[in-house]
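Below are two complexes that have chain A in common, paired first with chain B and then with chain C.
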Partner chain A sequence: MQFVLVPPSNMHRHFGSLLSGAVGADVTFEVAGDMFAAHRCVLAARSSVFMAELFGPMKEKAMNCIEIKDMEASVFEAMLHFIYTDTMPDIDQEDAFVITHHLLVAADRYDLERLKLICEDKLCMCIDTSTVVTTLALAERHGCQGLKKACFELLKSPSHLKTVMATEGFDLLLASCPSLIKELLAKVAPCP
Partner chain B sequence: MSGGGPPRKRNFKIEAFKNRVELDPKYAERTWKVLEHAIHEIYNHNASGLSFEELYRSAYNMVLHKYGEKLYDCLQNTMTWRLKEISKSIEAAQGGLFLEELNAKWMDHNKALQMIRDILMYMDRTYVPTSHRTPVHELGLNLWRDHIIHSPMIHSRLVNTLLDLIKGERMGEVINRGLMRSITKMLMDLGPAVYQDDFEKPFLDVSASFYSVESQEFIECCDCGNYLKKAERRLNEEMERVSHYLDAGSEAKITSVVEKEMIANHMHRLVHMENSGLLNMLVDDRYEDLGRMYSLFRRVPDGLSTIRDVMTSYLRETGKQLVTDPESLKDPVEFVQRLLNEKDKHDKIISVAFGNDKTFQNALNSSFEYFINLNNRSPEFISLYVDDKLRKGHKGATEEDVEVILDKVMMLFRYLQEKDVFEKYYKQHLAKRLLSGKTVSDDAERSMIVKLKTECGYQFTSKLEGMFTDMKTSQDTMQDFYAKKSEELGDGPTLDVHILTTGSWPTQPSPPCNLPTEILTVCEKFRAYYLGTHNGRRLTWQTNMGTADIKATFGKGQKHELNVSTYQMCVLMLFNNADGLTYKDIERDTEIPASDLKRCLQSLACVKGKNVLRKEPMSKDISEDDTFYFNDKFTSKLVKVKIGTVVAQKESEPEKQETRQRVEEDRKPQIEAAIVRIMKSRRVLDHNSIVAEVTKQLQARFLPNPVVIKKRIESLIEREFLERDKVDRKLYRYLA
Partner chain C sequence: MQFVLVPPSNMHRHFGSLLSGAVGADVTFEVAGDMFAAHRCVLAARSSVFMAELFGPMKEKAMNCIEIKDMEASVFEAMLHFIYTDTMPDIDQEDAFVITHHLLVAADRYDLERLKLICEDKLCMCIDTSTVVTTLALAERHGCQGLKKACFELLKSPSHLKTVMATEGFDLLLASCPSLIKELLAKVAPCP
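Up next is the complex of A and B:
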């Protein structure tokens, strides 16, 4: 007999409110012109990079506002959302591919392993002949083994491979990552 | 997305190959320069002016654009250069500041390394594992090890400084333990191999020679007790040293060095040291010294067995002397008391100083077993000791005291090989106690029986219990006798009969003697009464075991009550009808056997204070030409005079031979029963196996003699219980 009903965890909602409400926020990030308030402890708890940055002996320890370069504001915002709630934010369908792509890069940069895998997973599901080349380049650059395998899987089919090889992106990939093409050939046309 | 603010503008797209052109080697070189500058700033304690975000991003970009290898190599070169500079400044430090400078620079390096690692975290996470290179932190430690610790100018100076400090501390100086701790921790951080090879090994070697020399000095000038104190102190010092500033793994190693040099190497000399060695400690009960020796020696191989062997041989020697010393054999109670004292002494040593170590307990037991059986009168003497304790008149002992003593005696009993001999004597002594009414307490007697029963089983004690039953039954019988026959008896002497069941009591030959008429009459009346109610039984008066209370009136009218034996009563009653009698008269009239009669007359005429008879001629011994007179002039302060107590005494030679013979006779059937039992189950067995089995079965009672076993086998063959095998004469077969 069940005497007590324990509800499922809602911790992510509380932390999400903490982020949106910015109560007790002790640091601000400037990203591509936009400002984001956050809490040092939370960021440090979730990312070893932020831990070293925000509690290390360098400048950032005492700075109120830190500038983040080479990142889009919406991507940073999405990353913050994940940091606080451990979930992916809602993304419009039309931007999903692009945002996920950039979010993966951000996760890799700031050592958010789970976020990286979630993005990898999402990208796996929308691989097609138009996206496979860029996705493959991304996977190679950021060490995403699962995503790479998924791309090779698509290219195993000769018709797909033919389509892709005709694109400009493929030529660029060939020029910049020859080893990747070698790997691809090994997978796609295994020697008997 | 989180609420607040209009949706962000999405004006970006994926530029998969963006930045590739930008990060050409020149850009990579420029980026590296920024990082290199930062590293130097970090070592110069200017980290607070650096921007983590910028530096991290630079390193990240380099790795992302495939310049990981360049970044790693440049890092390695820069740190190496840096450490070489640091090395120079450490080498330059003078004297005592050397260690402090080394320590300070180590602290700096650690802090710097942490920051460098943080900046280069992306490389550590991605490039390093895939290219199988050493992670940044470990790289930093290895470089420190290679360029500082293993630098020729520093290495030996470091080790020597450390070892000198330790030596100084051993000689009584105060050193900076915190600094030592920091240095040894540094060595451990660089890898256990560094700590062990660069420090621990030389440390152990130097310590071994130090203690070898010191132990030699000590042993020349100290006695055993003081040497052990010093050794213990040094051992504790080393353990304390480890806990304060060495790695915990060194404890076992350094203590084993001290144990070897100070204890193991000098073990025999210590133990056998004249006037202060182990023997002296044992003899003088020096518990503290013994305890120290025990706790130190148990750390070294064969340490405890050395102590044990010395103790065992001392105990065996002492015990052997005790049991063969003719002086102590004169007094059985003293004999046993000395054994108990020796046991107590060693029990205490083992419990107080040797931590109740079981192996020592066993050595004690085996030693006692060895020497107690060297004297074949031990069973008899132990029984006499118990007899002494259970007799009335034993002053001062409470019930608990008696219990404790009996338990201790039981321990000695367990050591006896000939327990059946003890049984025989115990029965004899118990009979005397019961019949003379001399037991101090019934409870104590029964307690002893219970202890024997627990130890040896029901068979051992069933007859003893029978004796108690007889005593009780006799009481009841007497009550009934007097209740029924009081008118018939009238004024005659009062009789108190103990009826003994023959099998339960020790067998004694009972030569008859002539009882005085008055006594005879009442005895006959009792016999008639008893046989009336117990048909088919036969009663035999045991005149050598009885006692009597006689009222005597002497010359000046003094009245005394004399407590005498039956024999003595017979003799004294004769003097109602005559003033003087010769020895021969008395012998003829009483028909008491000669040796008993002589003893009887001696106790009546030759003992001061008890001489109710006068002997002519006056002499100590009784001869057949003596004449005896009633001693009118007898005086005594006491109204009741005890003359004949039937005290259990150590047997005379002939008595001893007799008992021994009876024991051997009793053993024969027991051996035969064992042989038959064994052969019945095994059917066929060779001679040696039978002897072994029989010994095993009977050893709880006695140790059978193989010659006797052989004779019994032959007897059983004659009686056709067994037969010899036709082919193999050593093989026997059971005949059903």
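Up next is the complex of A and C:
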């Protein structure tokens, strides 16, 4: 007989409340004009990059307010949400592709391996002839093998490939990542 | 086709490393002579009692070293492990009953509801004629309804009840918690 029901882990909820309440926050980030309060030890526990920045020999260690460059505030906010809760925040469907794209870049920058894989997985669902070139370039730049495979899978279809090759984006990819196009060629060519 | 495999949450591992490494620890507890370094914001995120003690108007707020009274060091250590990882530490089988008993008391003291339920659940497995009196007293003192039910379930067997009633512990329970014995009587009496 079951006398006691043990509920599932509530750690993500507890740390989510810590983030939103900001009790005991000991560092502030300025991101594109917005300010975000956070807890050094939580960031360091979750990201080796924050560990090095906040507790290592880098100059950020002594700073109470750290400016984050080259990132949108909404992306930093989503990344903080993930760091504290280990879950993705709700993202508007129409912004999902762009935000997830930027969140993957942020995850790679801060060594958040699991967030990176979640973003890869979400971007796999967004691949079509209009997004595949951007996605392939992203996957190549950030070493996302699964996402790259998913892009190649779409391009294996001759009709999709024809549509994509007619775009300006494809020419840009050809110029910027010729090795990627070579790899694509090997994939789509019929076996000898 | 599945291109990306997202691993399960690794938050408990990350915070477990934060605890063992003690990087950025900002409070120390002295428990029966042993010292434990911890992070105020993690404790506060997980326990409303630590939140009040460490960030509220209580005197502990300004202290860097806090003495914990009436607790064994091994129990405090196990509680810290749970706070950081949301999992129970490995406990030697022979000490399991005693440690889990004390851990339930600690969980109640620090408002760690999920740890309390995990301990209740484990103690349900330890109930026999030699442990049922101690367990019933514990369940009554800390408001553990499930554990209490499990104890009554064992005592519904007339032979178990007879064995238990012959012990000194039962007489002590009768003296200290007469209402509990009344409740027991109502449970074991045949329906009229």
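Observations on the model:
By our rule, the second predicted complex is superposed on the first by the 190 of 192 C-alpha atoms of A that agree within 3 Å, B and C clash if a C-alpha of one lies under 4 Å from a C-alpha of the other, contacts with A are read in each partner's own complex, and residues count from 1 in each chain.
As a working rule, a contact is a pair of C-beta atoms (placed from the backbone, for glycine too) under 8 Å apart; a residue touches a chain by one contact, two chains touch by 3 or more.
Keep in mind the model is a prediction, meaning the values are calculated, not measured.
In the superposition on chain A, A:Lys149 makes contact with chain C only, while chain B stays out of contact range. By the touch criterion defined above, A:Leu117 reaches chain C but does not reach chain B.
After overlaying the two complexes on the shared chain, residue contacts for A:Glu60 are found with chain B alone; chain C is out of touch.
In the superposed pair of complexes, A:Arg46 makes contact with chain C only, with no contact to chain B. If you check the complex, the residues on chain B that touch chain A are 1-4, 8, 10, 12-14, 16-17, 20, 47-53, 55-57, 60-61, 64, 111, 115, 118-119, 121-122, 125-126, 130.
Interface of chain C with chain A (complex): residues 1, 3-7, 9-12, 14-15, 17-18, 23-26, 39-42, 44-46, 51, 54-55, 86, 114, 117-118, 120-121, 124, 146-147, 149-150, 153.
Chain contact summary for the complex, chain A toward chain B: residues 16, 19-20, 34, 48-49, 52-53, 56-62, 66-70, 72-74, 77-78, 80-81, 89-91, 95, 98-99, 101-102, 109, 111, 133-134, 137-138, 141, 143, 169, 172, 176.
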